[in-house]
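Chain lettering (A, B, C, D and E) follows the sequence in which the chains are written, and residue indices restart at 1 in each chain.
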Amino acid sequence: MFAEFLQFLFSGITVGAIYALVGLGFAIIYNASNVINFAQGEFVMLGGMGTVFFIGLGLPMPLAVLLAVSLTVIVGFGLERFAVEPARDAPIVTLIIITIGASIFLRGAAQLVWDRNFHSVASFSGSDPIMIGGASILPQSLWILGCTVVIVIALHMFFNHSMTGKSIIATSHNPLAAKLMGINTSMVLLMSFGLSALLGASAGILIAPISLTYTGVGIMLGLKGFCAAVLGGLGKPMGAIAGGLLVGISEAMTAGYISSAYKDAVAFIIILAVLFLMPNGLFGGRGTERV
Amino acid sequence: MLLEIRNLSSQYGRIKALRGIDVDVDEGELVALVGANGAGKTTLLRTISGVQPASEGSVMLAKREITSFSSSRRVKLGVIQVPEGRQVFGPMSVEDNLILGSYTRERAEAARTIEEMYTRFPVLKEKRHQMAGTLSGGQQQMLTMGRALMAKPRILLLDEPSMGLAPLLVDEIFEIVSQLRAAGTTIFMVEQNAFMALEIADRAYVLEAGQITLSGTGKELLSNEKVIEAYLGI
Amino acid sequence: KAEETIKIGSFLAVTGGASFLGDPEKKTLDMYVEKINSEGGVLGRKLELIVYDSGGDPKKAVPFAKRLISDDKVDILLAGSTTGATMAVIPIVEKAGIPFISFGGAGVIINPVKKWVFKTPHTDTLAVQKIYNDMKSRGISKIGLLSGSGGFDKSCRKNVLDLADGAGMGVVADETHGKGDTDMTAQITKIKNSAGVQAMLYCGFGGATSIVAKNFKQLGVDIPHYQTHGSASKSFIKNADGGAEGVRLPAAALVVVDALPDSHPQKKVASAYKKMYEAKTGSEISSFGGHAYDGLMLAVEAITRAGTTDKAAVLAELEKTNNFIGVDGIYTMSPTDHLGLDEASFVMVEVKDGDWKMLK
Amino acid sequence: MNALSKPETGGILSLALVIAILPAFLPNSFYFDVVILVGINAIVCVGLNLLIGYTGQISLGHAGFFGLGAYFSGILVSIHGWPPLVALIAGAVFVGVLAYILARPVMKLRGHYLAMGTLGMGIVISIVLNQEGDLTGGPDGMPVDAFSVFGWEPGNELTWYWMVGGLLLIAVWLALNLINSPVGRALRAVHGSEVAASVAGVDVARYKSLVFVVSAVFASVAGSLFAHYSGFLTPSEADFFHSIELVTMVVLGGMASVFGAVVGAAVLTLLPQLLTVFHDYEMLVFGAAMMITMIFMRRGLVPTLQSAFNRWRK
Amino acid sequence: MSMLRVENLNMSFGGVHAVENMSFSVIPGTIHSIIGPNGAGKTTLFNLITGVYSPSSGRVFFNDRDITNIPTFELAKYGISRTFQNLQIFFNMSAVENVMVGNHLKTDSRFLPALFGLSSIKRGERECRERAEQIMCDVGLEKFIGSDADSMPYGALKWLEIARALASEPAVLLLDEPAAGLNPSETSEIDDLIKRVAEKGITVILVEHDMKLVMGVSDHILVLDSGRKLAEGTAEEIRKNPDVIEAYLGHRRRAR
């Protein structure tokens, strides 16, 4: 009985960590620009598919990973410069539409350049499951968890304790004042998209051995990542992690104990319930608007 | 001349906000700019600090043409603006706001300056961990002032620093402005409180509908009929 | 008139989540239309192929079907990668009265029979029957069912449940997973822990098939694992990362063509298709492209026999298809059977050492 | 005379004129079909624009209401044998009540949180439609009987065309009435500043709920029409992508512009049909078109062109 | 008889006591000013009175009715209106429409008649617009009648807010720093306006740091410091109060 629960928990944590990683990418761009980048899922896709592509060219795994990440970061830069920057002060919905357009564009391009099949990437360290308390977990899941923890700590330090991190947040809250402080705001935006692309690509590579990858992999992951980011409170790296795990675990528990047919619905209902009670997410804090 | 502005024009879309402005600010001088609402005072400061493009003319800092420089480069050269309307980083702490003021400076120096700011504005120390957005209007005004001083400006551009401040604090702000000037900081100040501004200013300009219509020493303008009628409301 | 082309209309899931169906289908159609034209066409007329990309979305398929029928004025429809897209256009096709050969998987497409609608892929009904027979031969009578949430998956699930009684099978667990899910361990754990379960059957297709196989292995479940013809592509084995070993499924002869004895009636046709497809596209065949091949060939046959593209005549000839050897099986149609395949057209295969092995 | 000089009246007359003469230019039933879909989408968008454009509240879940309306009609008519018109109204009432119940908590959210909330709401609806196969036919969808009122059936495309065209005109007329009334002004005030609106006596929560319900009912009615017109329903009518498509129509056409919503619906319904010539490049071109329009005409097609026209006239 | 009465009002934000044990009352038809150092709690007090915040404890009475915790939009029906220190303009509308919103409660805003464009609604709209234009003229905004709010200069926007507040025909008008950012001659126009408003019998509660304005118009002045009442009285009394000089005015004689 307990083993079963543990298994559901492992399953939930694995999936949740993936959502969390994608959610982190949303958080970074949001932190710099208040933009929700709906093309975040495509970064994940580019990371995974890029790795598959470069391995297919006969390159060793580490090099392929490096190239795939670089490719994604370049795409991230391009997205910022050519799609987001020109529309900086547009309303939220307009920016949502632009980034959705970008995601369709990127997916279309990937389908054109690569194929539309599913691909797998070898696990980083074997695929023999590890048994804990009667439940099994894949080494790759531990990789994901480990990397997630490292990344979130790094990001937390970056945003709260480094000048560059603070300048990113400052830019999102008040670009004018940020400029007057000498912050090169357009560079900040560029960096944040690059960073977020880097994170997305890493997520894509980390999860490819578990979930397989294909040109459409970003759609669902992007959506769930968005859920994670919002649930935790936008722009809060810790929140994105908590949100991702909450979504992942509630999905797994629902599938395990209630109804697998309605597991996605239950996850969304939980999100709705949380938002109804805490309109700014779990860690969003109160608004600071004054009149 | 530290700051030389020649024939400067700027516009928002098709609306011309500045037309052919000539302004000089000498090293160590305190120059005031007065004008009615919508005259273009803010626009002039924004054009000097580089957040608003000039459509014509030039801005020179210490004989160096900076018209095409980005705002961040100008900040590095010491052109620091205190913007109008309390532009704080709302959801960040008071302390973080101040730290960001020293973005272009060494960390160690900045740490020293922040203590100076806390002595100068004790309220800020008290509220250092509070979110800046929840400060009262006047507290936010002090914060933006302190944040700008964190950058150790070579020329400080003040846009209505006394707006919304209690009388005691208005005095204090003017006091600070005088002190800064005594310490050699060059200041170019936009102020609605024309009395006080003209009183302490070395020189002053009057801006009307995007054009400089009058200039002179502070005292001269204080006794100018037109100024008295239009800006002093007597 | 001899100059007039014979128009073949198609909408396929060339992009989107079901592109692994639509992509090989389109390639197959392109390839063979070109081949037939280079050999002189049909009835001395060239074939003209018009393909629209429905992205697998039934909603998009509908206007495309209307466009093909009333604007492009095609003579026949060879279209519909998915069951959903096919079902959505059936009312239009029936109203317009035009022969329509679908590549959709589920049995509902032709059962009950619709006047103008045919299909080439084996139905899930056949697949389930085949699987049940295999299970019975191994003494299995209690199974756990896992299915995805796509159209094919659901239809397959329904068949598994509906046919269970007749086949003397009991379904002791009935789990599903969502679109784009990346981990099914929770569902498989539940199946594993269901009382009396003797085998697991997975209804679904695409990338999820490999993930299920991987999770199955990861959890160390030691009961037989069945999947359907939806998994009958090499990438299933490759992507399952070893998890596919021992999985059994019914598949078209095409999938195991190299393992077929020379005496097998489909050997020649299937090898030829495989050779051509792999040479032209450089990618491995899947059974899905085969559906399109059979559809095109059935249509060409019927038109040739009818000697005209008159829709009613072609319909009549399609229904007279008799012992037509395709890559999916041997078709014998009738006014009450618009598929024409039976269980015999499937072979049961098992994954062994990273490849398909034909059973018996 | 005075009424004629108003831009809205001119707009509605031009729209009526376009609807009246368009059939002369449509060569075959396929074109009618596309235009009818434009009309149905436009009805949803006119309603959605009240919410997004005027009141400033995002909804990424409106396809859920469209789908619910559609399935309500489908199920009541085809399975329970209700008269279609009654089913349509029942669907609208049901969706209205549901939207009303959801509105209070959902409309409390702001910005991206609201986007998330409405998105979740739409997805839950679409999951229910997918899972309740006994009722809805599941992912395979369900056939729907033809529309009829007291025995009259809009048999061919042309009759449908007139019907949808007429309803679109009514929808536009209603929307314009609302916008140019104190209610519409209150909605726009809510967009501008909620606290200032409430100081002026506007019950912000009530108005937000109101417009949420109105836009949901528009979507539901359009959904019912669609169900009968297409004769077949699948849950993808209610899914996330359809919601996104609807929002894109509104934003592309022009927020806070009733005619923008109509134009947006037309462009985005026609575009995929036009892009088929690009074959493999279709997605690429579609995505690029979306981005470029929004970057260079960020207020949307109609308002941008309108102000360009005004400038040119001056 | 008091129009507005506040009893033992408290408000704290996570440890910060923005308003502490505040009690005072306002006599109808007078100009009642509230002054005090920055952060003394003046704006917070406004937010409590107008229902933007609900108090931690204490009561607010309006014409002897308890209006604590009544939502803001309901208070408008009682005739309570205000302007904001951080301007809250409807930038998505024209200037006249901004003012028309102020008149919301006086116009027929029933949903169904509006939806069907009944002529009564259209008539109401015309009247509402005329009234709004009239008010704009009254406060000197006639040249902005055709303007969009987002193209107006800052100073004009301050007047626009006042016009909007007046459009609701309030019984009491709360002004939060109306003269901030205005030069002395513009401030004297505000001075005139406040007096005119008060002459019409509207009670004015004014928060302002411009002492020339405050001392000139106020019938009664309340001084806050750190959320608490520091002093109360006429302009003359306040001007001489050593506590007030110490905490707020400063020793330097200001503004003439």
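Keep this in mind: contacts are C-beta pairs under 8 Å (C-beta built on N, C-alpha and C of every residue); 3 or more make two chains touch, one makes a residue touch a chain.
Keep in mind that this is a model prediction, so the values were computed, not measured.
Engineer: Show which chains lie in contact with chain B and also with chain C.
Structural biologist: Under the touch definition, chain B and chain C have A as mutual neighbours.
Engineer: Give the chain pair, either A-B or B-E, that is connected by more C-beta contacts.
Structural biologist: Higher contact count goes to B-E.
Engineer: Work out the mean Cα position per chain and let me know which chain is farthest from chain E.
Structural biologist: The most distant chain relative to chain E turns out to be C.
Engineer: Farthest chain from chain B, comparing Cα centres?
Structural biologist: C
Engineer: So the centre of each chain is just the mean of its C-alpha atoms; given that, what is the distance between chain A and chain C in Å?
Structural biologist: Here the centre of chain C sits 35 Å away from the centre of chain A.
Engineer: Give, as an integer number of Å, the spacing between the C-alpha centres of chain E and chain D.
Structural biologist: 41
Engineer: Where the CA atoms of chain C average out and where those of chain E average out, how many Å apart are those spots?
Structural biologist: Chain centroid spacing, chain C to chain E, equals 73 Å.
Engineer: Find the geometric centre of each of chain B and chain D from their Cα atoms only, then give the gap between the two centres in Å, rounded to an integer.
Structural biologist: Roughly 50 Å, centre to centre.
Engineer: Give me the residues of chain B that touch two or more other chains.
Structural biologist: Touching at least two other chains: 134.
Engineer: Where in chain D do residues touch two or more of the other chains?
Structural biologist: 131, 195, 280, 282-283
Engineer: Can you tell me which residues of chain A touch two or more of the remaining chains?
Structural biologist: Expected reply: 108, 111, 261, 264, 290-291.
Engineer: Can you list the chain A residues touching chain B in their complex?
Structural biologist: Interface residues on the chain A side: 163, 166-167, 169-170, 173-174, 176-184, 285, 288-290.
Engineer: Inside the complex, what are the residues of chain D that reach chain C?
Structural biologist: 27-31, 33-34, 37, 130-131, 133, 138-141, 143, 230-232, 234, 236-237, 241-242, 272-273, 276, 279-280, 282-283
Engineer: Report the residues of chain B in contact with chain A in the complex, numbered from low to high.
Structural biologist: Of all residues in chain B, those touching chain A are 49-51, 70-72, 75-76, 80-81, 83, 87-92, 96, 99-101, 103-104, 107, 131, 133-134, 144, 147-148, 151.
Engineer: Using the touch rule from the top, collect the residues of chain D that touch chain A in their complex.
Structural biologist: By the definition above, chain D touches chain A via 52, 58, 105-106, 108-113, 115-117, 119-121, 123-124, 127-128, 131, 195, 240, 244, 247-248, 251-252, 255, 280-291, 294-296, 298.
Engineer: Touching chain B in the complex: which residues of chain E?
Structural biologist: 13, 16, 35-40, 43, 85-86, 153-156, 177, 180-188, 209, 211, 247-250, 252, 254-255
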